[in-house]
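What follows is a single structure, written as structure tokens, with notes after it.
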Amino acid sequence: MTIPSFFYDELLTRALKEDINYIDLTTDNLIPDEQISSAIFMAKETGVLCGIDIALRVLQLLDGNISCEILKCDGTALEKGDVIARVTGKTRALLKGERTALNLLQHLSGIAAATANCVKAVEGTNAYICDTRKTTPGLRMLEKYAVTVGGGKNHRFNLSDAALIKDNHIDAVGSIRLAVETLRKSIGHTVKIEVETRNLDELKEALESGADIIMLDNMNCETMQKAVTLTAGRVPLEASGKITLEKLRKIAETGVNFISIGALTHSVKALDISMKIK
Amino acid sequence: MTIPSFFYDELLTRALKEDINYIDLTTDNLIPDEQISSAIFMAKETGVLCGIDIALRVLQLLDGNISCEILKCDGTALEKGDVIARVTGKTRALLKGERTALNLLQHLSGIAAATANCVKAVEGTNAYICDTRKTTPGLRMLEKYAVTVGGGKNHRFNLSDAALIKDNHIDAVGSIRLAVETLRKSIGHTVKIEVETRNLDELKEALESGADIIMLDNMNCETMQKAVTLTAGRVPLEASGKITLEKLRKIAETGVNFISIGALTHSVKALDISMKIK
Amino acid sequence: MTIPSFFYDELLTRALKEDINYIDLTTDNLIPDEQISSAIFMAKETGVLCGIDIALRVLQLLDGNISCEILKCDGTALEKGDVIARVTGKTRALLKGERTALNLLQHLSGIAAATANCVKAVEGTNAYICDTRKTTPGLRMLEKYAVTVGGGKNHRFNLSDAALIKDNHIDAVGSIRLAVETLRKSIGHTVKIEVETRNLDELKEALESGADIIMLDNMNCETMQKAVTLTAGRVPLEASGKITLEKLRKIAETGVNFISIGALTHSVKALDISMKIK
Amino acid sequence: MTIPSFFYDELLTRALKEDINYIDLTTDNLIPDEQISSAIFMAKETGVLCGIDIALRVLQLLDGNISCEILKCDGTALEKGDVIARVTGKTRALLKGERTALNLLQHLSGIAAATANCVKAVEGTNAYICDTRKTTPGLRMLEKYAVTVGGGKNHRFNLSDAALIKDNHIDAVGSIRLAVETLRKSIGHTVKIEVETRNLDELKEALESGADIIMLDNMNCETMQKAVTLTAGRVPLEASGKITLEKLRKIAETGVNFISIGALTHSVKALDISMKIK
Amino acid sequence: MTIPSFFYDELLTRALKEDINYIDLTTDNLIPDEQISSAIFMAKETGVLCGIDIALRVLQLLDGNISCEILKCDGTALEKGDVIARVTGKTRALLKGERTALNLLQHLSGIAAATANCVKAVEGTNAYICDTRKTTPGLRMLEKYAVTVGGGKNHRFNLSDAALIKDNHIDAVGSIRLAVETLRKSIGHTVKIEVETRNLDELKEALESGADIIMLDNMNCETMQKAVTLTAGRVPLEASGKITLEKLRKIAETGVNFISIGALTHSVKALDISMKIK
Amino acid sequence: MTIPSFFYDELLTRALKEDINYIDLTTDNLIPDEQISSAIFMAKETGVLCGIDIALRVLQLLDGNISCEILKCDGTALEKGDVIARVTGKTRALLKGERTALNLLQHLSGIAAATANCVKAVEGTNAYICDTRKTTPGLRMLEKYAVTVGGGKNHRFNLSDAALIKDNHIDAVGSIRLAVETLRKSIGHTVKIEVETRNLDELKEALESGADIIMLDNMNCETMQKAVTLTAGRVPLEASGKITLEKLRKIAETGVNFISIGALTHSVKALDISMKIK
């Protein structure tokens, strides 16, 4: 993974303290401190792996001398029974870190797997799948990473790295054109401006205003197809709004360039992965 | 809500900084600083509300003078269209806090709603629904709160407030009896000991060992029913292991006292709640 | 020690920054950076050792290459003159870390020694010595650990891992029985309920209400003896309230099961341990 | 108190989270959220008050609307039964904050009371009582404050605000004179240099070297008296080393200017103060 | 200012603790706690104001009841003698916060003033002045804000909100074209790609590769002019590399669109502003 | 360097997160994770090196296995073209850490170089150059260190390690003499008292009051010379107030002992140092 561990160590220690608090009453009183065990991480269902370095880092924080062997790296398609990694270290560390490691691994793999399903559904079209800002507080960095691991693309990370003009902004300024013009004058040249539109009239106005990207918000497929024709490739079009796996293919076939899906990160189904100590 | 705000303010500011980073390029450049708006939080689907104080606290952190009126409090059954709260404050604060407020509100309400569904499924039986330690890193306090709002009960908060003897612990010590005895000698008198069992033989051993609670791990309903008969009310029994809404009623009818469900917190479906600015 | 260092590293670095602030004006200007010294930790009086790993960790934070040899581990009965550990590393690190290391080591050993004295005083009775929540802000984890090192047991770690019904709670609800019933309905099954009683009538009510533990608050020995007879082993009894070493034996001989002593942690006498650099 | 609350709020919230963790199972389930109570802080023994603002701040952090009336301010000599402060606010906040508030108040008042005893013991002599760096990790600021409240003076706060040359420093450089000279060249002009001496020869060398303060380490009273005569007021003399209340007067009468006492902060006896809720 | 105070409160409290540490020995011992004073912030030289809200927030953190009147807001051109703000509050708070408040105010106004000078120098041309990532660690948010207050524009905030391909990147991939293509496939659609070029050949390649912005790195004015002609407005051109106020006009007249200047933030001259207590 | 890394690691990780935020879009997508490169730090102009350990620590935080060779240590006079250090490690780590490492290195070296220039200007006189509290928020420790690397001395680190009586303090108390006396009674014996004076009358009063140091605030050289004569070496004199390199020699020749210069840290010109990756 490309993210140095100090970027998430604070999150991991917070999670470990949250889960252990003082001590593990059961483990610390029953397992001798010097006992060593091995354990494997194993997939219990089909999916896409994400977060194995992070899960192992959790264990390393509890036992600096743990040895780890990674058999599958992030992005691997998992089948039930696949062994993902082997670790050998203090039994206490394995038992105390198991829950925190799995909570992260299952969550991130759940995101990667869901993304991969969406990406597969649009295969052969021009559409990319991308995420939104509907992420779990405190986990955005990791959740956005999981989306890329699943083959998706990242929408903006936060409110300061791209502009997205919505109806409230337009109402405050008076028109899409005015909003884009005003913004262009104040923001830096490295920032793109996206405009949210709800119908073809707004789309036309957005096109004329010089928007860099146009979002088609909650439009039906027919309207989106017209939008694609109207736009004629001048700017990328992004479909948005309650998009489900079922509707995905049809949306992609309208010719839109990006489909952003909040559910990828706001309604995550944990992927079943276990850690077995031998 | 019973939790003073300083318990979660750190989480909220971390979430806001994660979502805003520097500034909201769009809002800060298009909306005048002094502009005031009102907004409502509205349910877009049926469910159970959880986290409205927290969502409003997010907005207050951005505008100390915001005024809030709560129309539905945590635990209320929501219908589509229900207005949950009204707020009036700086438009900029509303627009910048909207995403973070909703991310939390939808997540917690999703947990409360799912819990309520499970609680309803076991209505009339003796079984309580409870959560696990399979929570999102950094959110355990709030997620455990959401489970109680949905009518569920909390299993232990962390590894230091109750003991749970699993197979690895038993293997290390030699027998369930020895594990319970050893633990009893070292832990304080305010701590309960739960033993995880996989079959009726282990259950009998756990009963004889003086465990305070016995977990029936991944047993089928027939075995659980025998366990209930065998136990005869001496200690509470907890059913556990990949429990779905479908199987829930049948499990409850075996007579177990607690059913712990990881999916309540590890596979959350966000409840659809919107914030509309007028 | 069973606690991984990241659990207390934050405390140690805070303590070191508090003690050093910018630099050690004396040491950093007089001792060459490359100079290496050895030092020993030595007991200057009789007691029980606690915190040697933590004291050495303080030095390691200042010099990652320090070598340490532990001759006595936590829980060892110390005689004046006993050498506890030897360290070799940068003289600067030893001099700069000495105060912080000793402050912790002397404080924790003071607690362990005082606890051991109390434990010895009740030897042969059925009573266990235990701590309270009267700990030093920021040091609860380590102080509770020191109590166990001295042979005592831990009372609850915090307000969320066990319930303790006091008079204010009873007044608010109406009766002990009602308080226990109300609580039992809302708390999880892994939590015990203790009731504080001030006389035998309250004790009887607590027994009937199904409390898991009963505290005898500020009762004299005669009353406690009657309480023991009345209870007849049905639930553990905990003696509490201004208990001194002098009264301890007599209290234990009443037959109570636990004696909780605030002074173990709120009135600590540091154990005299020195660090000598050669 | 002169210290703005943001200097210690972090400590207080850390202490509250340590004591409450998630929720107060007993209070939050038995006491209605809206219930209001009054409480008083009352002295249960003779002593000196310290930390009442801090104790009240603890309660304010749990209930922003609490009203407080301070009847005795820091530094007041307390008699048993004295009412120190009255507060009115949410019963829940009072019950949840009580322990943390008292832990701090009793600890700081214990330090102030012990200091006042020492100050009284040297009344009429030229000697000042002062503290050391033997403080509780994380509490130095408050403990040093408590010493001044008790009538004592503060020795250096940390290793970077004054220089104190000890034997290890002297050994490294070669002589007291050389150590003082070397230091004087490198440190700033706002910093004083103190030299620790173990006999009159070292004292003479320290005097000649131009030290600003001289510490008489573990000397008997006879030697200290000679030291006072020898020094003839040229620099302040500080007596140090295992000083007890019993020996204090005699030491002060030797004519030394300062007597530093580690036990003021490393062996604190909590002052008995209670909080009664009505 | 558009940034809510919780975004920088952590920085301000860190700064105040750094400057005060324990107490203000002079002020806390000489000025009565209840004494109230008024003070004014006054310009001592010509410049542009930036950071007055932040400076006043510093004082508010020390005295919650301070009253402030802002006479000049951020962005105002200051003349020597201009009164910027009046405050009335505890004398102690004013004296203790003065240094920290001024350190920030003078630094940020220094940046705003220097930026305004650069902006003025290019007046009438098409060039915008913008900043770089050469900011002071910990102050980027405020320093980038100061640049906008001075009339400049912000280049990217950090490495994740825009891509900038430099020679090392090109070497690793093989060509500018390949680098742009590879990047375009992996980054999100809201991100712009800038390419750093050192000569006209590289510029041509960058143009053909579809870069969104092209940087002209350390080119002389003649080359830049050719670059402008070659580019013919297809993408914005950014001049960069040791740009001084002297050369600025000539560079702007080549027709480049943006001129990025590291010195705006890496070599700041504090603007002379004083706080006078009456 | 004498400061252990945990003293500034928090600053460095904050700076790295500020500069990278999520990922380095360019580097992480174009440079293979396993690619290794070497790089050198090279001086691009004449100056004094400061902060090389800190700059290398930045890179180590991104790649724990990086190898570093330091060719010039802090305090070395640099000529254009001097190679300061060589590093070999992951190309990604080098590219991602470059900016943060250089921002610190250039800033600290800029301070050291400016200080060295001032020190050189007073060579042969009795005057020392020293810093002030006019430092960058968050960087005081490192900036004060840089001043000593450049040959200067540190004035007080913060408001609690030395007393400095200014006109507001004098006004509050009534006279310099009263201020010094009052302070002497309350502060510890390790603290010096400096008095700020604006004319010879105040100087005389300060001398009589027993001040340890006297500041000559904004006096001209003629007055300062008289002050030196008047003082006759009884206490150190410190010249202060808008001191520039041009006036420095003349001021030093008046015979003052210390010259404190705010511009050393409040108006820093970054020293040009580059990092070249091969």
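Here the chain labels run A, B, C, D, E and F in written order, and each chain numbers its own residues starting at 1.
The definition used in the following text is that a residue touches a chain if its C-beta (ideal position, glycine included) is under 8 Å from a C-beta of that chain, and two chains touch if they have at least 3 such contacts.
Here the structure is a predicted model, which means the values were calculated and not measured.
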Least hop count linking chain B to chain F through chains in contact: 2
Chains contacting each of chain B and chain D, listed by label: C, E
Classification of the chain A:chain C interface as same or different, half of numbers criterion: different
Inter-centroid spacing, chain D versus chain C (mean Cα positions, whole Å): 22
Length of the line joining the C-alpha centres of chain A and chain F, rounded to whole Å: 44
Contacts with 2+ other chains: residues of chain A: 20-23, 141, 157, 160-162, 186-187, 191
Touch-based graph of the chains, sorted into line, ring, star, complete or other: other
Every chain pair meeting the contact rule: A-B, A-C, A-E, A-F, B-C, B-D, B-E, C-D, C-F, D-E, D-F, E-F
Touching residues on chain A, where the partner in the complex is chain C: 13, 16-17, 20-23, 28, 33, 61-63, 92-93
Complex contact set, residues of chain A against chain F: 2-4, 6-7, 141, 144-145, 157
Contacting residues of chain F [partner chain D, same complex]: 128, 130, 148, 153-157, 160-162, 186-192, 194, 213, 236, 238, 257-258
Residues on chain D engaged by chain C in the complex (per definition of touch): 11-12, 14-15, 18-27, 29-32, 35, 37, 91, 95-96, 99-100, 102-104, 106-107, 110, 133-141, 157-166, 168-169, 172-173, 179, 182-183, 186-187, 191, 262-263, 266-270, 277
